[in-house]
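Data first, discussion second: the structure below is written as structure tokens.
The letters A, B, C, D, E and F name the chains in turn, as written, and every chain counts its residues from 1.
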């Protein structure tokens, strides 16, 4: 019973990433989309919240915001929309932290 | 040249109160409206951000959310919409922290 | 005091439109002049006459229309924002080949320059949004 | 995999509708079934045919209509949310005494039960919002 | 009940009135009650504000929908999770919230508390045990 | 210029693309340039993300409006304030942002930097000195 957690807001704007990352269980996956992708940038303070979480991030949203993959925190997995669909398949349910 | 600062979001949801209260100058007034009124509750962690700020809060928004005046942080001034208008009069300009 | 009010969000989803309305009413009651109310972003959705709110809820759009009529207020929907969101008057319907209109009475559609002009001409600009 | 997708925000103001669209398209390309797309809250504003986005921008509404037609997808606007926001089809116009309609092709207006049923019938519910 | 029975969880994380999400979420919960699923509701983050008692919306011209939460028990919605950390950060206790109850048919309609106060880790376990999560 | 000249400040605090505010704010700035006011623009909080270089929106089907910022100088918008604390918290430096310039007519069209890096206290002073603040 693993869960896919979606976060679509900047961690510098609101608390969704904080809530999601602190409630996730081992085996769960966190997917950062839209403005949520800012949370995956290694040099940003918020990236500390990702520690211990399995994290994927939407490539198209990264590119739109000018974030190259070398800027990402270690272990962050970049996916496209097809990869998003696969994550929904692989996990039993989806929690959108809106 | 005093400024009226408007905050309409809960300080537990996003960073607007933090930004507003840290950039305010002496002589400025902070007015909490809508979900911003949660920031004025004394027992809440966020009320620490109000220290040193002149703070007003919308009474109708407090009442809607079930917050009685005895719950407010010390020195917080309760106003109605007419009082909101007076604050706009008294200050040279308005900054809405959206 | 001469005021311009900017509304950035549509009706019902956010309280912004409600706050802007009560603020505008209070300002008028205190004898101030509202130079213009400018609806930007999703705020243009305040200007559709097609809403049917529940019987026990307020009618945000009708409230604006009445305020405009009673106090002769200039209520402007930004044309670019209105086109993106589908708020249409007769002129827009003709220009863009739309088969219907939905703009409510008391509003007009015009350019962003009307917001800037509001800033120039008014003593205060007050913005309501998300 | 059978999917129900929920969209909580209108077009342009938030990226939610864009993300939902690209997700839906990718799911279909991978051979999954979309049981229903349910538009709730301001999401109902995705269903107005009166939008005229700039020439160099995407047309969010038309994209949904095409997707529905190409893949025979059930796209439902919540009736209560649509009434509050002014999204109207022929039936709603008649019931509520409106003089125009604005619903885009490919959508239908129905009750909240359609969302619950989506949750019951689908393998996954994926929500896009603010 | 049919084989279709699923564990449905409605998650509320937003304050009332500032935005409509709380209200329209409540409408989903009420409609969903007719579908005979195994229903739970969570209030966490700013969502805990939805249950604060004494709400009076007369000054903002909006409908006060908070009395409806008290009716959830009548709709056989009896599992209402409230997150402890969310209350604490906001300086709230259970006493600040409505006292939500339901009547247990199996125990001669004895009145029982609907609210289950859970910490974040416990709430994580509850969420992990669900089939469908509704977000607003 | 007429006596109507006011100090106009456009304040950008939101990231691009996730919401439309950044883009529609930029449209206001461009239209406003025709009004001969004394114009400044601020990027703070998530607004600093608007100026990040190398944006490529082809994968999300949205228009990349970021090249337009480089045109602000041509519209005689030469005072662009970027808040230092906002950059630092996000792990950004000025090198991550577009290099915005304007040409000074009075100095034989010498190219000058438009971006002024200010800390929060300095930004507070700048805001206090304005006549009208535009928020999105």
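Please note the rule applied: contacts are C-beta pairs under 8 Å (C-beta built on N, C-alpha and C of every residue); 3 or more make two chains touch, one makes a residue touch a chain.
Everything quoted here is computed from the prediction, not taken from an experiment.
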Practice task
Identify the chains adjacent to both subunit A and subunit E in the sense defined at the top.
Solution key: B, D
Exercise for the section: Identify the chains in contact with subunit A as well as subunit F, in label order. Expected result: B, D
Handout entry: Chain pair with more C-beta contacts, C-E versus C-F
Key = C-F
Practice task
Please name the chain that ends up farthest from subunit B once chain centres are defined by their CA atoms averaged.
Solution key: D
Handout entry: Whole-Å gap between the CA centroids of subunit B and subunit C
Key = 25
Practice task
Could you give the separation in Å between the centres of subunit D and subunit F, each centre being the mean of its C-alpha atoms?
Solution key: 35
Exercise for the section: Averaged over CA atoms, how far is the centre of subunit B from the centre of subunit F? Could you give it in whole Å? Expected result: 27
Practice task
Provide the C-alpha centroid distance between subunit A and subunit B, rounded to the nearest whole angstrom.
Solution key: 33
Exercise for the section: Note the residues in subunit E that touch 2 or more other chains, in rising order. Expected result: 17-21, 45, 60, 62, 132-133, 135-136
Handout entry: Shared interface positions of subunit D, touching two or more other chains
Key = 8, 12-13, 15, 22, 41, 54, 57, 80, 125, 127, 129
Handout entry: Multi-chain contact residues (two or more partners), subunit B
Key = 8, 12-13, 15, 34-35, 60, 80, 93-94, 96, 98
Exercise for the section: Throw together a list of every chain pair that touches. Expected result: A-B, A-D, A-E, A-F, B-C, B-E, B-F, C-D, C-E, C-F, D-E, D-F
Practice task
Name, in rising order, each residue of subunit F that touches subunit C in their complex.
Solution key: 4, 6, 8, 20-21, 24, 27-28, 31-32, 34-35, 37, 132-136
Problem - subunit C residues touching subunit F - in the complex, by the definition given at the top - result: 6, 8, 40-41, 80-81, 111-113, 115-117, 119-121, 125, 127, 129
Handout entry: Residues of subunit B touching subunit A in the complex
Key = 12-15
Handout entry: subunit F residues touching subunit A - in the complex, by the definition given at the top
Key = 14-19, 45-46, 49, 52-60, 62, 64, 66, 89-92, 96
Handout entry: List of subunit D residues in touch with subunit A within their complex
Key = 1, 3, 8, 15-16, 19, 22-23, 25-27, 29-30, 32, 124-130
